[in-house]
Each structure stands twice: as C-alpha cells, then as structure tokens.
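Two complexes come next, and they have one chain in common, chain A, joined by chain B in the first and chain C in the second.
Then we have the complex of A and B:
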C-alpha cells in the first residue's frame, strides 16, 4: 500500500511534469554574435640585445663607478682658477661661467653596428641656481629628447654646467644626478 | 684693482666654489670604471604584424651587469611622428593610444647585481589607431646622489615595439646628393627618405655606380634605418673604392616591402 502510495504520488508528480513538457515549445538554436578579441596571435619578429654603458674617455675626466651608474669627476673649478682635472673647459662670461666636460656613452646592438638609438635625459633633482646642459640641450626634471639618432659604439657627449656669479655659500655646493634613457630606433 | 675682479673674487675664488668632486681620499677609494659595467635589454626591438584588436605577449629581459641593485618601474609610451621626427608621448595622451593598453607583469622589478630579470608584456591594439609604435621602458628608480659634490649618472633602457597592420607601405625617395671623394673621405651618396604610408618600414637600398659606358664599377649598401609613418631620415651609402676621373652614374635601388623603387643621378670625378 505504501509503495502504491509512493508510486501514485510519483505518478502524480510526473504527470504534471509531462503535461508541462508538452506545452514547452522547443527552443530553436539561435546564433548569437559574440564580439571576441581576435585570438589569432600576431606574427612577431624580435631584435637582439641592446647594451648601454657609461665609459671614461681618454681626453676626459675620471668616471667613477657608483650604484650601477657613474659619477663624473669634475674636480675643483673656479672662475679664475680653471679646473684641476683634464678635459674640463671653462668659459667665462660676465654673469656666470660654464664648465664643460666630455662624457662617454657606449651602445651596442646585437642586431646591427650601424643602427641608431634615441637618447633622452633629465635631472633627478633640482639644481637651482645652476643650469645643466647635455649636448647643448637644457636639462629639466622632465625627460627631454637629446638625440634622435645616436650612433652605436662609443659616442662623446658634452656635459655643461652653467654657474652663476651669484652662487656662494651653501648654494655653491653643486650636486646633480642625470638620468639617461635609451631606446633603439 | 679691476672692479670686475673685485666683484667676482668673493663670490667665486675666496668662497672656493666647488663644482664636481674634490679629489678626496673617500673618492680615491672608489674604483674607476676599468671594465664594462652595463645594462642590457633583450629584445631591443619587437616587430609585430597583425590586425587591429589583436594582442601581443612578449617576454622582456633586463640584464644587470653592474655591481649594484637596480629597481625599475615598467613604463609604456606611444611613439608618434611630428614634423618628420619621432616624439615619445605618455600612455593615453594620444587618441588610439597603444601604450595605454600595455600591461606589465610585474610592473615593478628588481635586478640584483650581475643577474637578469624578466617582465611579461601584453599589449592589445585598439580597434582603430593611427599609431604604429610604442616603447616599453625599464625606468630606473636608482638615483646616483652622492654626498660629494658631483654629477651622478644613471640609465633607463627601453624596447621599441612596432606594429604593421595594413598593406599600405609606401616611401618617397628624395633626390640624390652625391659627395665626391676627397683625400680624407669616401664617395658618399645621400638621399632623404620619407615614409608616406601608414606602416613602419625598413628600406633596404643599394647604390650601383656605373661608368660612362654603363658598366658597373662598384656597389655600396645604404644604411638600414627604420621609418615610422611620417618619419623622414637621411640614408647614406659610402663607396670606399677609388674611381678614376670621369663621368659616372649612381643608380640607387630601394626595396620597401614588396616594392622596388629606383632613383639615379650623374656625377663627375675630377
């Protein structure tokens, strides 16, 4: 009896389901357009290695290794005294004097010795009241294009610091940090 | 005393203005750069070919061959061309910026001394853009600031990524400028090329030198340079050989993609 009850209950449940199923309209497969990113990979060709280094020049001041970069040793300079280090040029003006030193940069590209690179540079800290130029381009705290087609190999760059006559006391202590950025062309 | 000397002496000489580093014992202890201490990046250039909307994933490796630990932020910039020259623009500044869709993993990286570190870069191209290049930069956080008075130097390095997305490849070749040889220089042939298409190109050129009878007497390759759309650059071929006095013709051929373009000019060696 119990089994019959269960069975009849099951039938009772199933019958409505069967009835409902007969009223369900079959769903027609619908093509849904889905915007997908193109999954096909791009064809890629990669170049080789670009190597960058600061190098001392035979005609220039010493370049000391420090913190993965370098420190350019300009020695002691003064308006009348000139410089104690070789390779440093002094240009005297009425309101200021300029200290110019050659700086060596070496670029190597595994793909080509005749390639070029773009060079940008900027100051990592303010240097007021001084002015710093690299290859006659005034450096600021923002990256500035210095050369658009720097050759591979060792190239010489002119680092110029303009010292105002008004600099004295603590402002006569010059500190600067220059950042370079290189990208192969 | 000269008034000028009087005004300047106290501000400069007497106060011993020091620019740069004094030759102190502390500095003498630091070694000069006797051997290479470099940063290198692989690959330095990536050339991708595909269509708008596609993605590119590439591994970038920085090699720290220095005795210091380098810390980098990964930065992407778009490369545009204005007035025939490249300019680097912050990501998102340009319409259709490619750099804005660049993702680096990790976005900050540390490279201990004499080690390499790797970053995965994924770039997804916009559905529409006139840009065809970006740079992925290992932007150094290192600042060589010293207690001594001097100029610290540090470096960042970037990978150029170019994208060829259509078949619109075209280059305009300017007139040849021929510089005869001198006692200290070789014969050089120059031409300004302009990319007038919408895709980056790598023109490959050769200069053939013909004598008055039309016989080939020498050849010289032009330097290979990449031209982004709108960019113009001077290409040069240098012939190291010796040419007797006479009239010659330089016949220059440039291959750009599947196209071949010729330009020629006569010149005289005296």
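Then we have the complex of A and C:
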C-alpha cells in the first residue's frame, strides 16, 4: 500500500522530467496494480531536437543564415537584362518574368539522419503584385504544404518570384518574408 | 470496515494511476518534433529594354535579323550603275555628308521593346561608328541625306522619340564614297545603335 503510494508519487515526478529531457529515453511499461499488469510495453521518443537552417549553395546566390533565419538577396533583376547574380534563372513571359533561385535547406534531427519531415511555408505579409513559389507551390498568407517527406540533411529547393511587367518606368524593390515550419514524420 | 476502506483506496489509486498513464502517453504521442525558420528575400526590379534589327520592307535582307548583331550588305554599288535590290542612290545634294562623292542608302528596321518602362514616353536612339575609315557613314529616319557624318568619337542622335513594339522604327544607313579615287579597301564597318528609355 505504502509502496504503491510512493510509486504513484514517483510517476508524477518522473514523467515531467522525462518530457523535458533532451535525449531519447525509452520509458518502460510500469505495472501499477492488477489493471495494468497486461499493458503493452510502450516506447516513446521525447525531447528530440530538430534543427532547420538555410545553407548557401555553391551554385546559388549569396545567402546569409543563422539560427534558422536567412537573408537571400537576389540583387537586381530585369526582364531583358536578366540577373548578374550567380545561379539565378530568368524566364520571360508575355506579361511577366520569373526569377528562380536555388535555396538550400538543412534539416538535422538529434535522433537520426534517416528520418523525414514535412515542410510548410507561408508568407508573413502580402507581396502584391508579385507571386512567390516554393518548389512550384504558390505561397500565400496561410501555411501551405510544400513537401510531405523531406529528407534529413541538405536539400535544394526552387524559390521563384513572378514579376509582372509594369509600365511605371522606375525601379521597384521586392521584399518578402517567408516562414517555414518543419515537423518530423 | 477498515479492510473495505483499504480496498477502495487501492482501487482509487489504481484507477488514478491508469488515468495518469493514459494521459501521459497521449501527451507523449502528441508531442511532435518541429522546427521553424524565416527567410527574407529581397530584390530590385529594374526597367529594361531590348533592341533588335529586322529586315525593313523594301530593304536588303539582313544577316542575323531578329538579333542585336545583324549585318547589312550593300552589295555591289556604283555611282553610275544600277544598285542592288533595296539599295538606293541618293539624288540631289549630298554635301551635308560628303562633297564630290556618291551616296547610297538602305533601310533597316530597329525594334525596341521595353519592360517596366513608360512605353508612352518612347525611347531615344543614337548611332556611333565603330572605327574611322575612308568612307562617309550616316543614319537618318528618311531617305534625305543626313546632315551629320557618323564618327567613332561621339554618338549621333538619330531618333528622339521612338516607338516601342514589333512594328519597328525604320532608319536608313547611308554610305558615301568619294569620286575620283581608287577604292583600295571595301567599306566594312560597324555602327553601334543605343536605345535609351525616355
């Protein structure tokens, strides 16, 4: 009776501790009384760390990155003049032109290097009259699934900005803030 | 009675522990691992224009038509013979370009397209000779002999308000050859046209 009380108390203390730990702890099945005697042993993974970073690519434009944040400057782009920055492709259409840049993303999981993660992305603010695509998926202000099983490690993605041909006769500054969310599968 | 209380207490504890464990395992199951990032993307979109040469209606066929590096071949020209198709011998005074010379001209079409420019404002067009030679070169928007000889030291204004679009802008290239001299080298030069958005 007393032992059972201590065991229950210990559960209250140990469970929060296990949840906050940073390493993987297999939690053994705990037998409490007769009702749990036949409980299936459970193994849960807790407190994993999943890191997400932008990485510069040798064939891509300059990228500044730190702690999951990044700044990608595409430089000057124009319909006929193209881009002087490395790795940027310009595709001319009748009404607009598309600026495509490779984007390196690095995923690391504390537990393994073989898992996958799902990727969502969205715009933090409207970018009208431009359109922003990631891996050919149009980004909006709502989180949008980009990939459902992204591999760990460095992967290359295509960031495309569609620029309308206007008649304002002046340079225009483009700025977009893209939020990313990854969830380990 | 005491025994019954103990039994009740044990049952209560067992149920509590069961509830606790199932809640805990549910909490574990729901705790997915995730990460976040934010990327700021910047760019400057500049206006731009393009210039290409096309064969003009009634003019000689250009080599490299549709590009920005075409070749205009006048063919065999002479002061008194007949000129090739598309090439005209200037009549009247040619003194504004050269004196004691004969002048031929041929039209070419210059197509200028713009993006992110104010197309209604048009564009200006200048021409500059690649290198000095023994001939007299000129450019005009009509068959009238131009008043200015092209040089390789400064650009000459050709059009002040050109029209964007595939219809093109016809300009005439003039070539003046001095009379009374023996031609030792055939005319072969380049003219650089530069279009600038107004």
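Everything that follows uses one rule, which is that the second predicted complex is superposed on the first by the 130 of 185 C-alpha atoms of A that agree within 3 Å, B and C clash if a C-alpha of one lies under 4 Å from a C-alpha of the other, contacts with A are read in each partner's own complex, and residues count from 1 in each chain.
Methods note: contacts are C-beta pairs under 8 Å (C-beta built on N, C-alpha and C of every residue); 3 or more make two chains touch, one makes a residue touch a chain.
Just so it is clear, the structure is predicted and the values come from calculations on it, not from any experiment.
Visitor: Which partner chains sit in contact with A:159 here, chain B, chain C, both or neither? Use first/second/both/neither.
Guide: both
Visitor: Which of the two partners, first being chain B and second being chain C, lies in contact with A:177: first, second, both, or neither?
Guide: Both partners.
Visitor: With both complexes superposed on chain A, which partner does A:99 reach: first (chain B), second (chain C), both or neither?
Guide: After superposing on A, A:99 lies in contact with both chain B and chain C.
Visitor: Between chain B and chain C, whom does A:55 touch in the aligned arrangement: first, second, both, or neither?
Guide: first
Visitor: Do chain B and chain C touch any of the same residues on chain A, and if so, which?
Guide: 42, 44, 46, 48-54, 68-81, 97, 99, 103, 109, 124, 132, 159, 161, 163, 165-169, 172-184
Visitor: Flag every residue of chain B that touches chain A in the complex, lowest number first.
Guide: Residue list for chain B touching chain A: 4-5, 7-13, 15-23, 27, 30-33, 36-51, 53-56, 58, 63-64, 66-70, 85-88, 124, 135, 137, 139-140, 142-146, 148-160, 163, 223-226, 233.
Visitor: In the complex, go through chain C and note every residue touching chain A.
Guide: 6, 9-10, 13-18, 20-21, 24-25, 27-29, 31-50, 113, 115-121, 197
Visitor: Please output the residues of chain A touching chain C within their complex, sorted ascending.
Guide: Going by the criterion above, the answer is residues 1, 4-5, 7-8, 11-12, 15, 19, 27, 30, 32-36, 39, 42, 44, 46, 48-54, 68-81, 97, 99, 103, 105, 107, 109, 124, 132, 159, 161, 163, 165-184.
Visitor: Can you name the residues of chain A that touch chain B in the complex?
Guide: Going through chain A, the ones touching chain B are 37-38, 40-56, 61-81, 84-85, 94, 97, 99, 103, 106, 108-112, 114-116, 118, 120, 124-125, 132, 143, 145, 148-149, 159, 161, 163, 165-169, 172-185.
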